[in-house]
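Listed after this line are the structures, all set down as C-alpha cells.
Below are two complexes that have chain A in common, paired first with chain B and then with chain C.
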Partner chain A sequence: MKIDRRDVLVSGASAAALGILPWAALAQDAEPAKTLDELIAEFTGGVEATEGEGITLDAPEIAENGNTVPISVEAEGASEILVLAPGNPVLPVATFKFGELAGKRAASTRIRLAQTQDVTAVAKLADGKFVRTAANVKVTIGGCGG
Partner chain B sequence: MADNVKPRVRVPKTASAGEVITIKTLISHQMESGQRKDKEGNVIPRSIINHFSVTFNGAPVIDVEMEPAISTNPYFEFEAKVPESGEFVFRWQDDDGSVYEDKQSIEVS
Partner chain C sequence: MISRREMLQLGLAGSAALTGLGFSNLPRAFAQQALTQDQLLQFEDFGNLTLIHLTDCHAHLRPVWFREPDTNIGVGDAKGRAPHVVGEAFQKMFGITPGSPEAYALTWPDFADLARTYGRMGGFDRIATVVKAIRAARPASILLDGGDTWHGSYTSLKTRGEDMVRVMNLLGAQAMTAHWEFTFGTERVQELMEMMDQPLLGANIFDAEWDEPAFEPSKIFETGGLRVGVVGQAFPYTPIANPGWMFPEYSFGIREERMQQVVDELRAEGVDLVVCLSHNGFDVDHQMASRVKGIDVILSGHTHDAIPEPVVVGDTIIIASGSHGKFVSRVDLDVRDGKMMGFRHKLIPIFSDVIQPDPDMASLIEEIRAPYKTDLEEVIGKTEGLLYRRGNFNGSWDDLICDALLSERDAEIALSPGVRWGASVLPGDITREDIHSVTSMTYGQVYRSEMSGEMLKTIMEDVADNIFNADPYYQQGGDMVRVGGLGYSIDPYAGMGSRISGMTLLKDGSPVDPARNYVVAGWASVNEGTEGPQIWDLVENHIRAQGTVSPAPNNSITVTGD
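Entry: the complex of A and B
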C-alpha cells in the first residue's frame, strides 16, 4: 500500500502513536519470543556476563520519539557487541562484529523503542569473557516533540 | 524492492598511514518493521535491510546484523584504521535480496 504525503500529514501524530502501540499487542500473538536472559545466554554460549566494567552504552535518558533513539556502544577489545531492547516485541536490535581494521570497538546508530525500558548491550571480549551493561530510556509515547 | 534507496557515506579524502578515521553512513530505507498495521488492519509485511558490512581493500572493518528495531534510514557511525591508500566498500543487504553498494577511496600520504 502506498502512503501519500497527505495521509502522512493528516495522521502525523496518530500514525506515530499507532506505529508504536500495536507492538505490545502483537507480541502476544506471535510465537513466544525469547527472553532477554535466553538471548544473552545464546550469545555468550552460557557463560555468565559480568555487569558494568569494560562496556559503555550511551543512550538518552528521555526519548520523546521512540522511532529514532540515538545509541552508542563501546567495549575495548570486543570482537562482537549485541544490543537488545527487552521492551520491544522483537528483542534483538543489532549485532556489531568488528574486523581487523576497526579503529575502535565502538559504533553508533539509531534504534526504535516501543516503550520505556532498559536497553542492554553485551560484548564478547578478546579473552573470551563477556561483559554487559544497560541504560534506561524513558520513551514518551506519541510525544512527537509537541 | 524498496523505493529510492540511496546510500550516503562520509569518508575523509586523505589520511596519514595507520590513522584512525571516523566514517558515517546513512541509507534511505523505510525499514518496515513487520509490526505495523495499515488502515484495514492488515499487517504490513516486514521489509528491512538486514545486514551491513564494510571492508577496506578486502579486510573487514565492521559487520552489523540488523533487526527491525533499527530506525528508518539506518545510520551508522564507526571508526576505521587505514594502513595504506585504498578503497572502502560498503554493502547493505535488503530482505528482498537486493544489495546496495557504495565505494569510497582514500589517499594515504
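Entry: the complex of A and C
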C-alpha cells in the first residue's frame, strides 16, 4: 500500500488531537509544570534514551509563522513517539501511537511555538529501547532581508 | 576530481596584464583606451559546456555606480573567508593592485575617484553584448538568472516587473529563481510567469496548505550532447524577511533534504551535470555544498558578493556573481562520463564605457523608459559627498534616509531596513531615479508609532541574530537595520540577545530606557495594513527642502568583539 503525504498528514493531525487532550486535562489540574527531563523520564520509565540514530525530526530552521509550524517525525519500528516543546508554557505537544499494522512509523502535524526552542522527539522502539532527537526552531520578528 | 591546476584564467579580465599597466593615476580617457572590450571578453575556451550566470540585478537596466562594502563581517566558520573580506585585505587576497580597474569594481577604497576614472558599470545593453559574444564562442551554453530581477527600480515598480520579464526574454535567459519577485504578490507572479520564456524554478517553494511542491523544482537542458540538470532554490526566508501576507499560498525554507532528493532524482535520470541556481546567500550555499551530495556547481545569489575565483567545497564549486548588473560570470566546464572533470572561470566586469551596447537591447530599454523619462531624470537636489548603502551598518544613503524619516515625520528614532540593494550616487546631482534605486518596493509606506526601549532592543537583537548567527542556516542575509537618532554598540560574535549594548538617544545623549516609549518612524514593515506616505516621496521632499545634502561620517555605531 502506498501512503502519500496527504494521508500521513491527515492521520498525523488526528493522532495529534488524541495526544493533546489528556495533557490539556493535566494542565487544568494546575499541577506544577513538569520539566523536559521529567516528562521524558515518565515516557521512558526512567530508561536512558539514546541521542540521534533511529529517529528523525524534520522542522524548519526558522518558523515562517510561530502559530503553525510544520513538523514531521519518523522512527522505524516505533510504537510511540512523544513530541515536546520545551519553550512553550505547556511542554507536551503530542504522543503518536502506532499499531502493529502501521505501514510507516511517521507523522506530520503543525504545532504552535511560543519562542525559539529545541523541539524534542522521543521514540519507543519495538525492542523497548528509546531514541531521542531535537531540532532548533527559531521564532523571529523578521522584516529586514534584502 | 577538480585539480587546482584547472583553475586557470582566474580573476578579472587578464588581471596580471592590466594591473601591470598601473591605471590608477591615468586620466579617464587613457584608462578607457587601454581597457578594451576584447580584453574584458578574452577567454581561452575550455571543456565542452559554458554556464553564464547573472544575479541580483534589482531591475537596474542602465549602468550604475555601486560601491562594494567596507564592512562584511563573517561569523563562525565564515570568519576571514571570502566574501567576508573587504577593501585592502580583499585586494591582497586576490592579488589586485590598488587603483586598478579590478580594485574599483570589487572593493571600496577611493571609490568616488576611481568611479570618475573607470565610469559606471552594468547596463543590460552591455550585458547583452557580453552574453552574445560568449554564446557565439560557445554554442553549448546555458544562461541562468539567479533572481531579484523584477524588483528595485522606478520602471520595475511602475510596470510591476513586466519591464524585466521583457528584458530577460530578449536576453534569452533559460531559467530563473526568485526572492523579491514575490513582493509583487502571488497573482502578479503568476501573470508574469505566463509572459516568461523561461521557467521559474524553486525546489524549496511549497504549497503552504498541503506542504507539497508548488513550483517546478528543476529542468534538464540538452546541449552539446550533454544533459544538464538545473535545480532552482528560491530565497528560503522570503515570507519572513518580506511580507508573507502578499503570497500566503507559499511556504519556503532551506529544506536541505528536499534539495538532496531533487539532486538524487536528477542523478537517477542520468544527467551529466547538476547545477544549483540558488538564492540562498553565500554562507548558506557554502554549508549546503558541504552537506548535500551530488551538486557540481552552485550559482550563488542573494548576498550580492562578487568573488573573482570559484570557491571549492568538496567536489562542488560555488560561483558568486555580484549584483546590480556589474558582473557576468562565465564558467567553462569539462564534463565527461557524467562527471565534472575541470573548470575555468571569469567574473567579467561590465565596464559600461568600454563594452559596446547591443542595439536591440538598447532600444528595448529606451522604449521601457520613454513614458517615464522626464520623471526619472528630474534633479531633486545635490550631494556634496558620496551616497552609498552597502555594508553591515549604516551607509551615507541610509543616514540621509533616516534623517528624512526623523524630520519629515517628527520622530525621535528612525528605522530603515538593512537591504543590500541600491546604487551609489557620486557628488553632484541626485535624480528621482537615484532615490527609487534605494527605496523602490511594493510596501514602502512610512509608519510612525511608539515603541518601548525594550521593544527597540528586541528588534535590534532579532535582526542582528538573523545576520550574525554562527549557523549559516539561520542567516537571512541582508545587513543590520539602519538607525537614525540612535547610537549603539554591537558585538556580532556574541549570542542571541547579548550583541547590542549602550543604546543611546542621540538628541540628548540619554541611555535608552527600556520602560519609556519612543516615537519611531520607519518603512518597509512586513505587517499588513501599514499606513503612511511612500518612502520615496518622503525622501524626495527632504532632499528638496535641503537643496544640497552633506553626508558626514556616522560615528554613533561601535562594533566590538573579535
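One rule holds for everything that comes next: the second predicted complex is superposed on the first by the 109 of 146 C-alpha atoms of A that agree within 3 Å, B and C clash if a C-alpha of one lies under 4 Å from a C-alpha of the other, contacts with A are read in each partner's own complex, and residues count from 1 in each chain.
As a convention for this text, contacts are C-beta pairs under 8 Å (C-beta built on N, C-alpha and C of every residue); 3 or more make two chains touch, one makes a residue touch a chain.
Quantities reported herein were computed from a predicted structural model and do not represent experimental measurements.
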Return first, second, both or neither, reflecting whether A:V90 touches chain B, chain C, both chains, or no partner chain. first
For A:G99, using the defined touch cut-off, is the partner it touches chain B, chain C, both, or neither? Pick first, second, both or neither. first
Using the touch definition from the top, say if A:T140 reaches chain B (first), chain C (second), both or neither. second
Of chain C and chain B, partner touching more chain A residues: B
First, second, both or neither for A:T109, with chain B first and chain C second: first
State whether A:P60 touches chain B only (first), chain C only (second), both chains, or neither. second
Once the complexes are superposed, what residues of chain A are shared between the chain B interface and the chain C interface? 108
Per the contact definition, I'd like the list of chain B residues that touch chain A in the complex. 20-22, 33, 35-38, 43-44, 55-56, 59-72, 74-83
Where on chain A does chain B make contact in their complex? 1, 18-19, 22-23, 26, 67-69, 72, 85, 88-90, 92-104, 106-113
Listed in rising order, chain C residues that touch chain A in their complex are 180, 210-212, 235-242, 244, 251-254, 257, 417-421, 458-459, 462-463, 465-466, 471, 473-474, 476-479, 481, 496, 524-526
As the complex stands, chain A meets chain C at residues 5-6, 9, 58, 60-62, 64-65, 70, 108, 116, 138, 140-146
